[in-house]
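First chain written, first letter: the chains are A, B, C and D, and each begins at residue 1.
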């Protein structure tokens, strides 16, 4: 039996809770999972959420979760600013840590976390759920089997519109204390896909911009926006692939887009997270008059789709990605295998984000390492 | 606390199990759910599945599940041929019944089930999950608000390809004892949507066909196929809408298609279950030069999407529909509300299916009632 | 040199004029085309249009066009009611006739036209342009090469929205003198595709409906609508294929949709005239994990695309279909070859339309012949 | 009457010929167009093409076309290397010049052409046909009416696959004498759209790459590729918009893609040349639960679509864009109006291309002017 602690019950906290409740029924091969202890900002909220999510105990103090001897794994789903303190405490208490991304506001803090994880003997990972979809695993398999030949170019875009309303008031997301903007909010996701499919980024040339230079604050006066909603980077990967990476959190109409275009010597692969049960593939080896992008609906022959539904084309949902991640994490803990991004890998992703920011500031190409 | 029994652990059995494991975490407002007792064909399988799905007890005899005093609700997910016997036994034992569709091979049996349910004082429903998606609920809301005016025509198609391989051997699905073919396999689904969105079908004119008249059986000899993989019907609804209904289980490339076209006096609505997180809408009231089908990605303002994900456009999965259904069922039990198709409604759907078959046989229009 | 006469200068008249102006430049292998004589309702309009379209002579009397000894071919593009008289006169005058579809309001008139053409020794064809696209020719080639195996089912829909506005006043299109409604306006087009790809329809079972039973006429009083904007038919083809045919001229949002679904024993073909530079194909022979509908963009290897553009995927337009038709017509005249629907074939299409109307009236299956 | 000369009869030569044959029939308001004189590399080819394209005279020497006193306008459709000499000669002979893009291999030559045009008193334009589509004109109108508010970001991609085959032999396109590669082949097209919709580019930061560093030449030995099939640039426009520009002529499966994403403060516009009869628009002002990208099919209310077809959604083709361009050119000559890119505007486009190349070479941001 594995005892689970959960800190935080917002978007990602609930997503973890659903995963912990379902992983066993979906995969059927996990150790018994026991929902032991839930932590929130106060006892009342903690009690309520523990009831909803099925946790046995609840505390208004997150340290109680970490100190609970029945807890083996701690899900950390609080805002970024708290990740380091909680992860370090959990590791120090001998717990495995499943921390939401990104790691921490500064690179130094992320380094500290990676170092702590490396020395802990425990498994500390980050919640990069988009790498878990059957589609991405299918793409990875296509690449490994050389189906589109040697990849030579890559374009990847991540766009949403939650900051697109210029009339919305100045918020903490517009303050420099929140980070760079779209770069740390979003860029880590496409970078997690690049990391998973291709490996490391070697060089970046980044440009950032602000759709709204000024916003009205709560009192009605106006205040200069300090963060960048849009970032675009030319990139080179260590494997020689060139490409570009785009993030925009003010892109009206985009809700969860992560559009990927992978160009190879024998074909092209397309993917969009807004339709993440589909992958498109063009093969130059198809008979000439029959060539075209084929739209592959995910199906049982695209693992682990079949664990969810035995019929093809019926579709997984966003929460299912976290269930897969949870299963991979349990595999990593049990066997050392498991397709997850641990703190060490996560540090490489954050290193790239910070290199992008530096590139924008200096207006030149930056080597990531 | 509500005690759950589950009979059957195949495609739908697992789907129920996942729903029972998750419904509380997703909705947060259900009574406590206790996974009490799982029944399968033998003790060994029952034990294994109980372990995977988190049920406390396991039996190789389904009657033990029904007789278990801790069980309040019985999920019946076995093949159709067993539905009547199990549902009747469960109702007789004072349990609520959640039975997979369709009700039973013959209309007489379905009538018997509906009658038993009506007299039981318990809540007996059918697993018509496609009516539960935020998209269908959104469409229902658009219709109720008269957004596309008065509906005048409807086309609905359900296609998959699991019988499309003509080289596949003769199977039980090709025997008349399995029913009519695609008509009972599939037609109930689009009919559940019609029932949910518009009400009853009044008249039908149906034509069925066999893509493969003969198949090879296991011993290598050939045998005439007795069921119809394809059925098409002209339909009239009680509300005056005309339309057509199409089912094809030999449609290569279709994996889970349920394509709906609803034509109204002020606009058109389109939907396809293969992309069930999207609804398309055309409004004649849009400014002329700006008219076009808009693709609406499901979002928190399309309930109950927000219970799963607070961010728009991130997507629900097939299993999430069953979680919603489970929640609606629990609401129905608790309050009498809840958007479900009970045995009485289900009987109307099956009545329509049998009318279609009769229409094909007699080659004429048939009044459903 | 071939001398061309044109009667009518509306939608189709202009389309013919553009084709006659361009066919030589596009195909490069036609006899010299001379735009000799244009006929319209009055001299002033005829003069103006002759100037625009590049015709040497103009008459306010269509008989002058037919009587012109320099005219070898007459394009008849006037409303249906005039087709018979003009075509017969032209044939009697020893001219080839290129007549817009459908042939004539009644079947008897169409028969008369076909008979006259058969006895004339001249080439009389109908303007079924949709059969001319590289996409349809490509589909025909796929079918002939057995790429999707034996076809077993067919669905075909033609929808536009020019009658969708219920507030629009009562018009001649709502009068029974205009014909059945969508059936003769539209059904001939999908039937021309069926004829071109598969051959004859043997049996039909049709249902028609009126989205608006009553419309306001010019004086403000209300008048019962006499024609049907919607028609749906179950169909059987002579080659054994079952299917359905749908037409709707009140389908909001549809502008030029002709959606075709062809199901075969080894694959499926999809097409939509609104994106007529694309064909979709699913092949069951593709590697299992790589199966999906491929979207083929028309290209030089889909003749006669390359006559228009040597680069793939650049797209033909609606008028280009008429240019191809013109070229096929000239080939038919010169060599007896040429992919066109002559009056004899056209009569079969109209026979089917009238059988549909009869089926609706009698509410039963009708044998076309 | 306007007399037309045509030099060159390849892809673009034929495209001009079709436009000259059709422009009058399509628009009906042009001066009479006389196809006077066609020039090709030798008399035989010239004679043959003059016959096909309907030109009265033919010469194996292009100077005869320019010297022909009946010729008022010269279409120059030969390879880039000849543009300058021919354009200058034509202008010197007092002819209007319609020259295919790009202007010339070097910026100095382009400058010379622009200067000659400015001093000629004649109208010299470039064949940037993509700016002519009803879709682009519609987008321009949306931008001018502020429908998506203030534009803040732009992404534009142009991809084809005619260089994607790594097994294809070394060709003149791989030699540095052919230019930079995709940059001059393709980048001028998206730049013409940017120029038409937004104005000038101010700064660029470009990165180029080679999918295949080496190709086999005809004799079987291997030779280093000197040009770049892929170029990506960060861009800033003079109006303050940030964005990126991508070109790839080795993108398997892309046939004529020019994908445009325009992000504004009140909405987003999407366009793809492979489906250039459609524009997508997202409006933040739509009712929240009804928001989504709407797909607008081009129609008579998107001028000049209606000149081609009076029915919506029937589609224009690639050659129709040149007919529109021809009409705009005739308007420019007649009235000084007309939406065309003259040599002066074209020079700005080429200035940007050369700045991109310089940016790649120096690995830094370059100011265009």
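As a working rule, a contact is a pair of C-beta atoms (placed from the backbone, for glycine too) under 8 Å apart; a residue touches a chain by one contact, two chains touch by 3 or more.
The chain lineup, named per UniProt: A, B, C, D = Gfo/Idh/MocA family oxidoreductase.
What you see is a predicted model; the values in this text were computed from it and never measured.
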### Query
Listed by label, which chains are in contact with subunit A and with subunit D?
B, C
### Summary
In terms of CA centroids, furthest away from subunit C sits chain A
### Query
Whole-Å distance, subunit C centre to subunit D centre, using C-alpha means?
34
### Message
Rounded to a whole Å, what is the gap between the Cα centroids of subunit B and subunit D?
### Response
53
### Task
Return the distance between the CA-based centres of subunit B and subunit C, expressed in whole Å.
41
### Message
Using the touch definition from the top, which residues of subunit A touch two or more other chains?
### Response
254, 291-293, 297, 299
### Message
Residue numbers of subunit B touching subunit C in their complex, please.
### Response
148-149, 152-153, 155, 157, 161, 164-166, 205, 207, 209, 211-212, 230, 232, 234, 242-244, 246, 248, 250-254, 261, 263-268, 282, 284, 291-293, 363-365
#### Entry: Residues of subunit A that touch subunit C when the two form their complex
138, 141, 147, 280-281, 283, 286, 288-297, 299, 301-302
#### Entry: Complex contacts: residues of subunit B adjacent to subunit A
11, 14-15, 17-18, 21-22, 24-26, 28-29, 51-54, 160, 162, 254-257, 274-277, 297, 299, 308-320
